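Right after this note come the structures.
Note that subunit A is present in both complexes that follow, paired respectively with subunit B and with subunit C.
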Partner chain A sequence: MLRYAIKRIALAVVILVTVMLAMYAMVFLVPGDPASLALGPRATPELKALLRERMGLDEPILWQVWHFFRSALTGDLGYDVWSKRPVLDQILEFFPNTLILGVAALGWALALGIALGAAAVVWRDTWADRLLGVVSVGLISVPAFVVAIYAILIFAVWLRWLPAIGAGTPGDPASQIRALILPAFALGVGWVGYLARLVRASLLEVMGENHIRTARAFGLPETRVVLRYGLRVAIIPTIALLAVGLGSILSSAVFVETVFGRPGIGTLITGAVQKRNYPVVMGTVLFMTAFYLFIVTAADLLIARLDPRVRDAFRR
Partner chain B sequence: MPSAGRKTVLRALLRDPMAALGLGLVTLFVAMALFAPWIAPADPIRLNVVEKFQPPSLAHLAGTDQLGRDLLSRIIYGARTALSIAITAVGLAGLAGLVLGMIAGFGPRWLDGLLVLLFDSLSSLPMIMFALAVITVMGPGTGTLILVVVLVSIPAYARLIRAQTLALAGADFIVAERAMGASGARILLRHMLPNVVGPLVILLSMDIPVVIMLEAGLSYLNLGVRPPTPSWGNILYDGYTSLRAAPYMVMIAGLPLVLSTLGFTFLGEGLRDALDPRLQGRGAR
Partner chain C sequence: MKWTTDRRGFLKRAGAGLASAVAAPNFAWAAEGDTLRIRMEADFQVLDPWGIIGGLDEVIPRCTQVSLVRMGDMREGNNWELYAAETLEWLDDTRLAFTLREGLTWTGDYGPVTAEDVKFSYERIAGSDSAWAYQFEKLKEVEVIDARNGVIHLTEAFAPFIVIAMPYYGGHIVCKAAVEAAGGSYTTEIPAQCGPYLLEAWEQQQKVTLKANPGWTGEKPAFETVEIYIQADDQAAQLAYEADAFDYTRVAAGAVRQLKAAMPEGATLIEAESTRYVWLTVNQNAEPLKDIRVRQAIQYAYDSDAVLQGAYDGLVGRSAGVVQPGTTYAREKNIIDTRDVERAKALLAEAGAEGLTLNLVALTDSTSQTIAQIIQASLAEAGITVEIQPTEEAAYWALGDKTAGDDYLSLELVLQSFAGGVDPTENLVWFRPDQIGVYNWTFFDSAEYEELYQKSLTERDPDKRRAMFNRMEDLMEESGSFVFICFEPLVAIHDADLKPVILADGHPDPVRFARI
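Let's turn to the complex of A and B:
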């Protein structure tokens, strides 16, 4: 177990370092320097020089790379010259909003996805199963930001039930929850279909096992067999997938956050990309990648702890 | 592709109602893209501010936008943008994945190890974050968009091809071919290639809707296709900014995105079932 853990963690670290190096290499491979790009064509040379110095761009490249790595390790992701604040402060301010959104979206998607997947198995090979299959594929393939826009049009503009933009008033949980409903709905829709398919597939696999046959032999009704004895086992791979799900839902929240004008990692990074604000973009990408690698690795280790077969299958 | 001829595949697709629907929708959008100049009732970028925000009517079947441009024409040309980007990007990524995957599977072990590490790093990046990083460096535009898609898609394709190549390397006919003194290049091109390409094609077709969504999403953020070139994403953005003045814009502009991604997904699933049931459960996401 220890060897597996060390290997798995080392891999994550190597990947993170590769990513950082690759990002740095990209910045320097491309013509034009960030300071003049950021200031626009009418900037004076003095202003450019000042900004270059503030951004640390006047140092030798290798020193910059070293500096970036060393400070990143100590939690210093650099200084944002636009907002005059450290990058990490901004990320930490916005990240909880994104995390809440991601967890809410994944949460309702999981509940509904499990229900639909189990329903499909109870009614397997009937028209209801086929209908659920088609609906799942449909949900998966509809872009979240289109759902978001339609949701705003219907529930905020026409029905006026829920706010169209923002994250609610700070300190007022009721308004924050109201502001969370539509974004979480839009972001979770695709996952409902995805999780329903996954639960259905893994339930069908479990339904062939011995303990299910025994339960049936005792004459238990099929619904009870599926829900009580099948789902319990079938849910494990789904839970394992949730870690990866959370990681990817947080970064795809970018579009939904922008549509709803909701403060979060998405709004932070898109604003920075539009301004070519390198420190914020690189800091955010690094933070999100590290977070993603962390939860994926942690989930892998947890699964390996629970299921020795996984650990033995890990070869490289 | 295992022996299934073209006719049988088509018949299998038409027998499955969802696949047939997908095929229909895809045909519609491909036709829109190909024949845009002949179908579109007006020039998609010509401004006519006098006629701005006209709701759908006989003169403008889908209405006009905030600059008086004909919405239907913009959507038709948007199909051209979406499909040309999706097909180019997925095609290039498929080609690169094919080459790299075969090298990894057939080449020396150290190279394999290096490539696998590279694929692992690339695919463990949150895709949207990576896309935004590349866009920051390269500046937004069609070329950047294609580059991003190619970079993030290569790992999945290369892994598939690598696994197929590895599995084939031990097959009797390859061993026999080697015993007869065939060169590495001959084995790869003549014997491996036709056998590994089938599953790749299915995977590629299932990724087209993903790319369409990404293009629209980034163009919505004004980080993809540059205006005034019509893209479903920037049409949606225009609609969103005039949501109260002209709600019909958003309602209409969302449709092609929903219908095309649905169409390609249903078609992809149908193709997969018809050609290679072993791949079931892969794809979308």
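Let's turn to the complex of A and C:
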């Protein structure tokens, strides 16, 4: 297990370094002058040169990479070119919003997705199963920002039940929860369908196993067999998926954050990319990649702990 | 009291809670009454006038700082009025005397606003590498007479100094002592404020709250609190307005038809011509466009009506230059004012340029792409094939920059737009010869234009200035390097009982918003 853990962590570090090198390469490959963009038509050449210098873009690329990693190891992700605030401070300010949004979206999607997947198995091969199939695929297909627009239209404009924008008032949990409902709904909708299909497929596979046949032989009701003995085993593959899912949901949160005017990592990085605010781009990408790798590696280690076949396969 | 929770009890209570939450109308997000709620597209980055970038960066200092003069609503002719200055008087062509109003006091025990603060505020930007240094290009120095009096000395007569330099952006006055104590500049925390409002709270990327300044001795603003919400997306902002999240927001020009068909209850629509001008650059340095007949063929083939209808729903008319239509200095019409496809074909044939293919660079937003596609179709009728190259903003601004490589030499067609100023010289400056490879991407190089530009800076007779500006625009058009498209519409929606004030840059001045 220790050997497996070391290998997984080493792999995560390699991925992290590769991603950051790729990011640096992109900075130099993608056309566009951040100084001209940010300073607009009235900027003097001297000001643009000063800004490029402040961004460190006048230094050789390898020196920049080295400097970035050396600083990052001490927790220094640099400073925002414009506001001069530490990048790490901004990330720590925005990240909780995105994380809460992602966890809330995935949480309700998980609860409903599992319920729908289990219901489809309980009623398998009936019209209800087919209807749930159509609904699940439909939910997967609808982009989150479309759901977001309609959610605002219905719940904020017509019904006036929930706020249309913002993340709520700081220090007022009730307003923050209210502001979270629509974005979490919009972000999680696609995952409901996906999880429902996954749970259904996994559960059907489990339903053919010996312990299920034994349970049935004891005369237990089918619903109880599915929910109590089938679902418990069938839900394991979703653990691995949840780690990937959280990463994916955090990266796709940008659309929802934009529509709902919520501060978050998505809006932070999008704004930084548009303005070529490279220290913020680099710092945020590093942070998010590290967070994602941490989650995925932790999930892998957990699964390996639960299922020796996984670490054996890695050993081979 | 004994508290027990079973499954049924929990479900009952949860259900009741949810039902009451759902039934409760209009939760606390709808701030009304004494609060003005405005939406802006992006958060601020720098509040120091030296480093202001635009948008909210500028709107906040309108509330928290003063300037010697301020501009009026763009829809009422961009007239200036005294603000921090009690009097302002030209002593001669190059000396402008001012007296500060009494009672202007900085926060943080920095005392009254003084002429020394004005001197510091202007001189730190003049000749510096601030983006607003151009405002003070003609500033020699500010002479301090006493605490409230000073004289602004110019290097030469410069008629539009008051409207260009003083009302906003670099013209906001900062507290010398406080800024120096802060290290000479600041970004997001204003070291000392003196304005009708004080910056109360900043929820990054979400909201800025301004509260009325208790120490403000000038005219009291109509609202105790101003909340500025950040919402990047126009469509979402419009929905949020309908959900009563704002009192004022700009909306996309394309939303006008829909809004007119179903105007939200109690709302009013603003349709105005902004100061942002749009034109098609035809680079006379590009090989296929070196023959003026080819450039003129493009001017003849261009279908103005189709562009204005297709991209702007006919909200604005065609512009005849870069001076805002409807103002004193605007040119009446273009020399090539009517589309003539046959003439375009004939010119191309004369130049031996039949079967011409050109590259058109345009930004990726939907309006730019619509204009580009209509230009593509209209030029195709004259036999010119146009290949559209959508380009995102950062790459776009590097295209014509000579310091970014040699691409600027061979650009062919570019759809461009600039945010304009109040005085025509602010718009015409970009097409001077020294701007080639900077912001003049057409390679238009006219000595006469430059001479007229320099004269217009010092001329104070409006009729003579108009003649100069009109001639400069004639020269631009005669070069074949410009197809003037329009001044973009400014479309906004607000509560009917609200009277907004919008300045020339298209941004609101919350200080002067009023309930009617």
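Rule of thumb we're sticking to: the second predicted complex is superposed on the first by the 301 of 316 C-alpha atoms of A that agree within 3 Å, B and C clash if a C-alpha of one lies under 4 Å from a C-alpha of the other, contacts with A are read in each partner's own complex, and residues count from 1 in each chain.
The definition used in the following text is that contacts are C-beta pairs under 8 Å (C-beta built on N, C-alpha and C of every residue); 3 or more make two chains touch, one makes a residue touch a chain.
Since the structure is predicted, the reported quantities are computational estimates derived from the model, not experimental observations.
Q: Have a look at subunit B and subunit C on subunit A after the superposition and call it: clash or fit.
A: On the superposed model, which is not a single observed complex, subunit B and subunit C clash.
Q: Would you sort A:P143 into first (subunit B), second (subunit C), both or neither based on which partner it touches?
A: So A:P143 only meets subunit B here.
Q: Using the touch definition from the top, say if A:T258 reaches subunit B (first), subunit C (second), both or neither.
A: Touch status of A:T258: both partners.
Q: For A:Q274, using the defined touch cut-off, is the partner it touches subunit B, subunit C, both, or neither? Pick first, second, both or neither.
A: both
Q: Please work out whether A:P163 is in contact with subunit B alone, subunit C alone, both, or neither, and reply first, second, both or neither.
A: So A:P163 only meets subunit C here.
Q: Just subunit B (first), just subunit C (second), both, or neither: which does A:R178 touch?
A: A:R178: touches subunit C, not subunit B.
Q: Of the two partner chains, subunit B (first) and subunit C (second), which one does A:K84 touch, if any: first, second, both, or neither?
A: second
Q: Touch check for A:L153: first (subunit B), second (subunit C), both, or neither?
A: Touch status of A:L153: both partners.
Q: Check whether A:L131 is in contact with subunit B, with subunit C, with both or with neither, and answer first, second, both or neither.
A: Neither partner.
Q: Taking the stated contact definition, name every residue in subunit A that is touched by subunit B in one complex and by subunit C in the other, in rising order.
A: In subunit A, positions 30, 149, 152-153, 157, 258-259, 274, 276 sit in both the subunit B and subunit C interfaces.
Q: Please output the residues of subunit A touching subunit C within their complex, sorted ascending.
A: 30-34, 36-48, 50, 82-85, 90, 93-94, 148-149, 152-153, 156-157, 160-167, 169-170, 175, 178-179, 258-264, 267-268, 271, 274-276
Q: Could you pull out which subunit A residues touch subunit B in their complex?
A: Touch list, subunit A to subunit B: 11-12, 14-15, 18-19, 22-23, 26-27, 30, 134, 137-138, 140-143, 145-146, 149-150, 152-153, 157-158, 190, 194, 197, 201, 247-248, 250-252, 254-255, 258-259, 269-270, 272-274, 276, 278, 281-282, 284-285, 288-289, 292-293, 296, 316.
Q: Which residues of subunit B touch subunit A once you look at their complex with the stated criterion?
A: So the residues of subunit B touching subunit A come out as 18, 113, 116-118, 120-121, 124-130, 132-138, 209, 213, 216-217, 220-223, 236, 239-240, 243-244, 247, 250-251, 254, 257-258, 261-262, 264-266, 269, 281, 284-285.
Q: Which positions of subunit C touch subunit A when the two form their complex?
A: That would be residues 22, 25-29, 42-43, 45-46, 51, 53-54, 129-134, 187-188, 203-207, 229-233, 235-237, 239-240, 242-245, 392-398, 401, 403-404, 418-419, 430, 438-439 of subunit C.
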